[in-house]
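Every chain is named by a letter (A, B, C, D, E and F) in the order it is written, and numbering of its residues begins at 1.
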Amino acid sequence: MFYHVKELQYNAKPERPDPVYAKKLQEILGGQYGEMTVMMQYLFQGFNCRAEQKYRDMILDIGTEEIAHVEMIATMIAQLLDGAPAKEQEEAAKDPAVEAVLGGMNPQHMIVSGLGATPTDSVGYPWNSRYTIASGNLLADFRANLNAESQGRLQVVRLYEQTNDPGVRDMLSFLIARDKMHQNQWMAAIEELEQQQGEVVPSTFPKNLEKQEVAYSFMNFSEGKESAKGRWASGMSMDGQAEFEFDESPKPMGQIPILNPSPNYVHGTPIPGQLPPGTKAAEYEQQNQMNDGGPH
Amino acid sequence: MFYHVKELQYNAKPERPDPVYAKKLQEILGGQYGEMTVMMQYLFQGFNCRAEQKYRDMILDIGTEEIAHVEMIATMIAQLLDGAPAKEQEEAAKDPAVEAVLGGMNPQHMIVSGLGATPTDSVGYPWNSRYTIASGNLLADFRANLNAESQGRLQVVRLYEQTNDPGVRDMLSFLIARDKMHQNQWMAAIEELEQQQGEVVPSTFPKNLEKQEVAYSFMNFSEGKESAKGRWASGMSMDGQAEFEFDESPKPMGQIPILNPSPNYVHGTPIPGQLPPGTKAAEYEQQNQMNDGGPH
Amino acid sequence: MFYHVKELQYNAKPERPDPVYAKKLQEILGGQYGEMTVMMQYLFQGFNCRAEQKYRDMILDIGTEEIAHVEMIATMIAQLLDGAPAKEQEEAAKDPAVEAVLGGMNPQHMIVSGLGATPTDSVGYPWNSRYTIASGNLLADFRANLNAESQGRLQVVRLYEQTNDPGVRDMLSFLIARDKMHQNQWMAAIEELEQQQGEVVPSTFPKNLEKQEVAYSFMNFSEGKESAKGRWASGMSMDGQAEFEFDESPKPMGQIPILNPSPNYVHGTPIPGQLPPGTKAAEYEQQNQMNDGGPH
Amino acid sequence: MFYHVKELQYNAKPERPDPVYAKKLQEILGGQYGEMTVMMQYLFQGFNCRAEQKYRDMILDIGTEEIAHVEMIATMIAQLLDGAPAKEQEEAAKDPAVEAVLGGMNPQHMIVSGLGATPTDSVGYPWNSRYTIASGNLLADFRANLNAESQGRLQVVRLYEQTNDPGVRDMLSFLIARDKMHQNQWMAAIEELEQQQGEVVPSTFPKNLEKQEVAYSFMNFSEGKESAKGRWASGMSMDGQAEFEFDESPKPMGQIPILNPSPNYVHGTPIPGQLPPGTKAAEYEQQNQMNDGGPH
Amino acid sequence: MFYHVKELQYNAKPERPDPVYAKKLQEILGGQYGEMTVMMQYLFQGFNCRAEQKYRDMILDIGTEEIAHVEMIATMIAQLLDGAPAKEQEEAAKDPAVEAVLGGMNPQHMIVSGLGATPTDSVGYPWNSRYTIASGNLLADFRANLNAESQGRLQVVRLYEQTNDPGVRDMLSFLIARDKMHQNQWMAAIEELEQQQGEVVPSTFPKNLEKQEVAYSFMNFSEGKESAKGRWASGMSMDGQAEFEFDESPKPMGQIPILNPSPNYVHGTPIPGQLPPGTKAAEYEQQNQMNDGGPH
Amino acid sequence: MFYHVKELQYNAKPERPDPVYAKKLQEILGGQYGEMTVMMQYLFQGFNCRAEQKYRDMILDIGTEEIAHVEMIATMIAQLLDGAPAKEQEEAAKDPAVEAVLGGMNPQHMIVSGLGATPTDSVGYPWNSRYTIASGNLLADFRANLNAESQGRLQVVRLYEQTNDPGVRDMLSFLIARDKMHQNQWMAAIEELEQQQGEVVPSTFPKNLEKQEVAYSFMNFSEGKESAKGRWASGMSMDGQAEFEFDESPKPMGQIPILNPSPNYVHGTPIPGQLPPGTKAAEYEQQNQMNDGGPH
C-alpha cells in the first residue's frame, strides 16, 4: 500500500515559462525511457517477485521513488506551460518569436490538457506498457533496468544542454545524480547475481541441450574484417567457458525451404490441377486444357 | 547493400504440424524481444553509427544474421500451421482434441495470413519499432542489446520446455546457442567501452554539474530494511568513485507545488472572482454575490 | 513524494490457482478501465491541478489508493498463475482439461512474464496512456472519473460472476465496494461544481457566441419517432436554460462542398488542361487533343 | 442502413487558408474526444443495444449526426490546407513567416494526404477504437457519453480562442451549440435511468455481496486534511444509502504478499538448492557448497 | 449529411449462437481489412476529393454502403454471443465442450462489451486509422481500394468455410457478392484513370528527373535465377515505355557511408581526444595518456 | 540467409545538413508506405510463399533490395541531422531562422537518437507491422504491393518538390525510378496471375454460393446521379461475367434488428420485471409497483 506527502522529492520550479521546452521535457516523463517506464517496470517487477524478499524490497523502494520523479517532472512541465501564448494565427505571424513558440509547442498542451503535463513523449506519442519488462528472471530484468537508467540519464543530459533556465537545470542535476546511483545500483545487483548464477541468462538451461558448435563463434556476415578487431572476436569468452572464434565466412547450415501448397479451404494461390470445380479459376484451367493442355 | 541465399542459416523443420505451438512461437518472431526487434535494433544502430568503423561493422554483422533468424522462425511457423483444422464449430465440438486446437490457435493464422507466419507476438499484437533503440551512445545501446539477448534467450528456453517436437527443439537449440554467443559478445563490447569511458552513461557529463549529495545514496522508500542487505547498499560503488550509502528514511527536499490558475482562454476550472461576464458561471456568481456575498 | 508499506490494502489470496481466470482478471488491471487507468488518470489530474488545494488533495488521495489496487490485483494474478501447466502439446491433447487450460491461458504469462501479472488487458493488449484524461477542467474530468468508476465496477462485477473461488471473490467484494464509494465521491464533487458553475462544460464560454438555434434541439436522423419518447426530447433542458425541442426531420444547413483542385507540386489527380509539360499525363492529353480535342 | 445527401449539416468554409490551424483542428476530428470517437461510440452502442427501442433509436440518431460532423470538419481542414506553401527549406528560411508555417504544419498533410484531412489528432497520432466504449449497460455508457461531450466541447472552445477566421468560428459556434445540446441530452437520459435503477452502476449487484465496511468511506492517503473539506467527505452519500465517512488515516487490511518460487520449467531467478543438475547455476552452487557451504 | 433507416441492408440472423465464431467474425468488422477500414477509407477519400464530382459522388456512395456493412456484422456478432456460457472455471472444466467455448471466446465480449460486438479484430486488437489511406491521388487510392476489397473478400470466404450456420452463411454470401462488385468497380475506375494518365503513379513527375538507367531493370538480389522466368523480367514494360531488363548480378552504385562524429552536446560515444575536460571519460583518457599514450 | 556489403545501393549524400527536412524524410523510411513497410511485407510474403518457386524467388529479390533502401534513407537522414543546432530557447528566439529550425525539428532526433534516423514516420509515430500484409494469396498480395509502390512513389515525388539539395534529389531520383520499376513489376505479375485465375480474388470460391443478385450492381446511396457517369456503372464488368447495373435507389433487404435482453450475469441495462431480488434496481421497482404499478 502507498502513502503520499505533499512536498516534492526535490525542487521543480523553473525560473520562467518555456512552452517549447515543455514539449521536449515530455520525453523523460512519458517516453520510451522516461520516468513512467521505470516506475511501472519496477513496480511490476516488485509485485511479481518470487525471489528473496530483499530483492522485492529493493525493487519496490526504487519503484516508489520513481513515482515521485513522475510527480516532479509533471509539476515542472505545468509551470513551463504557464505563459503559453494563445494569439490567433494572423497576429502571431507578425511576430516571429511568438509564432515560433506557437509552431514549436505541442498543440495538445493547449487543446487537450489545458496547460498540463501529458503522459506522452516529446512527439505526443502516448506511453504504453510494452516499454516495460518483468520477466520473472531478475538477472535478465536488472539488465533491462541498467539499460533503462543508461538511456534515461543520456536523455536527461541532452535536455540539460538544451536549456539554460537555472530552475530546470537544478531539477535535472538531481535526476542526473539519481540516475547515476541507479546505474550503480543495478550494476551491483547484477554482479551479485552473476557471481551466484553465471553470466548467461538463463543459467538453468542444460548446456548439453544447446548447439555447442555455434555458442562462441562470431559470424562475419558483412564483407571486410573490421569486426575482427574487437574483444568479442578473440580471447576467453565473458562467461569463462570457451574461447571466442571468428568465423570469417559463415555458411548456411539449413535447408532450402519449400512449403506445402495450402489446402483448398484456405483459398491461397491456386495450384493448377487442384482447383475446385465450378469456380472461375477452374473454368479457366479447363478451357485451356481443352485447347492446349493447361495454363503454362 | 544486401544479398540473399536460398538456404536457411540452420534447420527449421518440425516433425509434425502443431498450430497451437505456432501461435506461441510467434513471441520470439514478432514479440517485444523477438528476432524482428534485434534485427531492426542492430540495423539502425549500425546505419546510425558515428564511432569507429569496427563497431559499425560488428553491429551490422549481427544485424544481418538476425534477418536470417527471422527467416528461420517464419519458415518454421508456416510448417507448424500445415495441418490446421478448419472444421466448423458444431462438428468440432464433438471432438475435444480438435476443438482445443481450434480454440487455442491464433484465428488470424487462418483468416488473415492463410497459414503463414505473421509479424506479431503470441497474442497477435503487431511488432512496433518502439521496441528498439539506437541512441548514438554505444555503451547505452550495448546494454540494451545485452538485455534483449537475455530476455530473448529466456523466452526461447521457455518455449523449448513447451514442445517435444525434435525438429522444433533442434532449431531452438541453435538459437539458444547463438543467444549465448550474443550475450557474450555484448558483454565483451561493454567491457571494452567501460574500460575506456567509465561505467556510468554518459561518461561525458561534468561531475560538478550533478547533485553530488544524492549520487550514491540508496533511498529506502518502503518500511522495513530488507533492502539494506544487498551489494547496492554498502561498499564501494560500481564506478569506483564513492561509497554506497543507505538512507533509511529519505525526506522530501522540494517544495509543495502550487500551480497558477489557468488563464481565461484555457477554460479550466473557473476561479471565483475571475469569470468573464456573460457566461453561465459568472451569472451564478453574480447572483450569489448579490444575495449573500459569494458562491460559498 | 510517496512511501510504500508492505501490507496490501486488502486480502488478495486465491484459494487455488486458475491460469485461465488470471488471463481474464488482467482486464481490470491493465484494460481500458482497469486500475492502471484510474491510477494514472488521478495522479496526472492531481499533479496538473490549478484549482483549490482541496481538490488537488482529494484527487491525489484517491490516486494513491489506486496504486494499491494495482498492487493487489497484480499479486492476485501471480498467485492464480502458480499452477500453470507446462506440458507439451502432444501429451496434453490426451487430457482435454489440461489442454483447455493451456489453450485458454495467455501464452505471455508463461513465455514473457514467467508466471507474473502483465500491464495488459484480458486479450494481452498493452495499457496506454490515451486511456486517461486530465483536461484542466475539473467538472469535465470528474465526469470522466465517474464514467471510469462505472465501467470499472461493471467489469469487476462481471468477473465476480465468472469465478467461485472464495479468495478471489473476497478481494473483488472489496473492489466493488470501493468503486461504489468512488462513484459516490465523483457524483458529490460534480454536484458541488455544477452548483457553482452550471451544468454545461465549459461554463465560461459566452452564450452569445454559440449558435443558439440548435442548442436545445434533438435531431431525429433516423426514420421513425421512438426517440421522441425520452426525457431528452421535451421538457426543460437539464441546464434549466430552455425547453428541449424535437426536430422530426432535420435539414442540412450547409453548402455542398466543392474543393479546389490541388496545386501541381502535390501531384494529386491530374486535372485535364493543367498538366506540367513533359510528363506522362501531359503527353496523353496532348496526343488526344491533337487527335480529337481531349480526353473528355 | 444509411443514406447520404450532398449538403453539409452546417457551413464549413474558412475565410482564408491556414495550414497551421488545420493541424490543430485535427484534434476534434481524430483525437481522443474528437468527432470520430463519438460517431463510432454511438454507432456501436446503438448496434449492440439490448434495451428498449427508444434508446436504440435515440443513440443511432445522434450517431448518425456525428458522421455529418466528421464530414464538416474534414471539409474544413481540406480548405484550410489550400494555401499550404511548398517552398524548399533554403528559400523559406529567408522569410520567417513562411518558415514558421512550414515548421508548424503537420508534414503528413503535404506528404501523405496531399492537402486533405487525416483521421488523426493534432500531433498526428492515428485514431483508434479503444477511445470508445459500448458496455451493454446504458447508464455506464451515457456517463461515458456525457464525459465525451464535455471534453469535446471544451476542446472546441479552446480552438475557437485560437483563430479569428469568421468562417471557422461560424462552424465552431455550431458545434459548440450541438455539444451543449448533447450534454443536456445525456444528462436527461442519465436522470431517467438513475430514477429507475439508482445511481450506482451496475444497480443489479446484491448489496450483501460487497464489502459494506468500506463502501462509503473516503480514505485520506495523503498527509494533511484539505480533502475533508468537500461534499464527498461528509453528509448523505449521493445514492442516499449511507453517510460519507472520512477515514483520516487508513490502515492496510491485507497480507504481506509472499509469492511461491517459480517452477524449474519457467527458468526464473534460481533458488539455491533447487537447481537442475548440469546447469551453470548448479555447478556454481555445487562448487561453493563443497568449498564453504553455499553461495550465501 | 447522413440519414439512417432501421432495416439492415441484408439479413444478419444466425440460426444459433456461437461465441467462438463471434470472435473470429470480428476480423471482418474491425480488422486491418474489415468493414470499418473500407468505410473510413472511402469516407475520407470522398470528403477530401479534389477531382471531378462524379468521383466524389461514387466514392461516397460506396462509403455510405460500408457503414451499413459495419451495422450488419455488428448485429450478427451480438446475436452469436447470445448464448455465451458464464459458468465458473471449476465446473466448466468437467464439461470439455463448455470449457472449449469459454477458452475460445474473446473474454472482452463478456467483460467489456457485455455480449456486444467490439470495434476490434479477431485477436482483440483495436481498429486504428493507419489502416486507411486517402492520398489525394485517385489512381493510387483506387489501387488501395482494390487491394482492400481483395483482401477483404478473401477473409470473408475463409470465414464462410469455418461455419455451417445457414444464417451466417447467408449474410456472408451477400458480402462476398458485394466485394466482387467492389473489386470490379475499382478495376473499372482504375482503367478509366490509367487510360487518361498512364499506368505509373504519379503520372505528373517529369521523366527526365528520374534515374532512367534503373527504371526498367529487375535486380536479382538472391542467388539462382528462378525469378527470371516471370513476365516482370522480360518483354515490354506494363507502361509501354521500355523493355524489362534482368540484371543478374546487381552491383552497389553508392558510397561506403562514414558518418561524422557527433558533437559534444549530444553525448554520443566519446571520440578519444575530443573529450570535455572534467568528465569521467576525459579523466580516464588523461590518465592513460600520461601512463602510456592513450586508451588504444 | 543474408549477406551485407558496405557500399550503399546508390548515393546518399546531401550537400548540406537540413534537420527540418530530415524530419520529413522519415515518412518514406518508417511511415505507412515507407521502405520499412515494403521490406517487411515482401520478406514475409516470400518466407510464407506456398506457390511456385519463381514467385518466392522474385519476391525475396525485391525484399532484399528494400533492405538496402532502408539503409540509404537512414544514412541520408543521419547526415541531414549533422548540423542540428542545440542552442537553448532564449538565445535562439533572437534568431528567427535558428528558432524555426529548432521548432520544426523532431525533438527525438536530438534527445532519443542523438542525430540518427529513427524507425518512425514524419510525425514521430513508430512503424508497426499492421502496415504489411502477406495473405497467402499472391494475386491479393500483389495488389497490396502495387498500391504500396504507388503510394510510396507519390510520397517520394512530393518530398522531391520540398527540397533543392542536389544530393538529396539525386538519391530521390533513384528511388523514383525504382518505384516505377516496381509498379511495372507488380502490374506484370498481376497480369500473369489474372490470366490464369480470373480477376476476382479469390478465384476459387464457387459462384453459386454467392448472392448473384447483387454481384454486379452499383448502389447509389447518395442523392444525385453523378456517380452513374463512370465506367463502373454500365457496360461489361471487368471480370467479363456480367453487365454492370446502376441501382438508383437501393432499398434495404434485411430485418429491423431487435436483440435479446442480456442475461442477468452480464449486468446490462436492467429490464423491468426481471431484476434480481435484493438489488438497488429491484428495490426501486418493488417500491414503485407497490405505489403505482411500475416505473413507467
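Basically, a contact is a pair of C-beta atoms (placed from the backbone, for glycine too) under 8 Å apart; a residue touches a chain by one contact, two chains touch by 3 or more.
Keep in mind that this is a model prediction, so the values were computed, not measured.
In terms of the stated touch criterion, the partners common to subunit E and subunit F are A, B, C, D, listed by label. In a homomeric contact, the two copies may use the same or different surfaces; for subunit B and subunit C, under half of the interface residue numbers are shared, pointing to different surfaces.
In terms of residue-numbered contacts, A-C and D-E present the same interface, as over half of their contact pairs agree; the other options in E-F, D-E or A-F do not. In terms of their C-alpha centroids, the spacing between subunit A and subunit D amounts to 24 Å. Along subunit A, residues 1-9, 32, 47-48, 50, 53, 55, 57, 60-61, 64, 75, 78, 86, 96, 100, 103-104, 110, 112, 114-115, 123-126, 128, 130, 133, 135-137, 139, 154, 157-158, 161, 200, 202, 205, 221-222, 224, 239, 252, 254, 257, 259-260, 262, 265-268 each make contact with two or more other chains.
If the chains shown are joined wherever they touch, the resulting network links each chain directly to all the rest.
Partner subunit F is touched in their complex by these residues of subunit C: 154, 157-158, 161, 265-267. Considering their complex, residues 5-13, 32-33, 53-58, 60-62, 64-65, 72, 75, 78-79, 82, 86, 110, 114-115, 125, 128, 130-131, 133, 135, 137, 139-140, 143-144, 146-147, 150-151, 153-154, 157, 160, 169, 173-174, 176-178, 180-181, 183-189, 191-192, 199-202, 205, 209-222, 224-227, 229-232, 235, 237-239, 244, 250, 252-257, 259-260, 262-263, 265-268 of subunit D touch subunit C. Subunit A meets subunit C in the complex at residues 1-9, 30, 36, 40, 43-44, 47-48, 50, 57, 60-61, 63-64, 67-68, 70-71, 74-75, 78, 112-120, 126-130, 132-137. Against subunit C, the residues of subunit E that register as touching in their complex are 1-6, 47-51, 53, 55, 86, 88-91, 93, 96, 99-100, 102-104, 106-108, 110-112, 114, 123-126, 136-139, 193, 195-198, 200, 202-208, 239. Subunit E makes touch with subunit B in their complex at residues 18, 20-21, 23-24, 27, 31-32, 96-97, 100-101, 103-104, 121-125, 154-155, 158-159, 161-165, 221-224, 252, 254, 257-262, 264, 266-272, 275-276, 278-285, 295.
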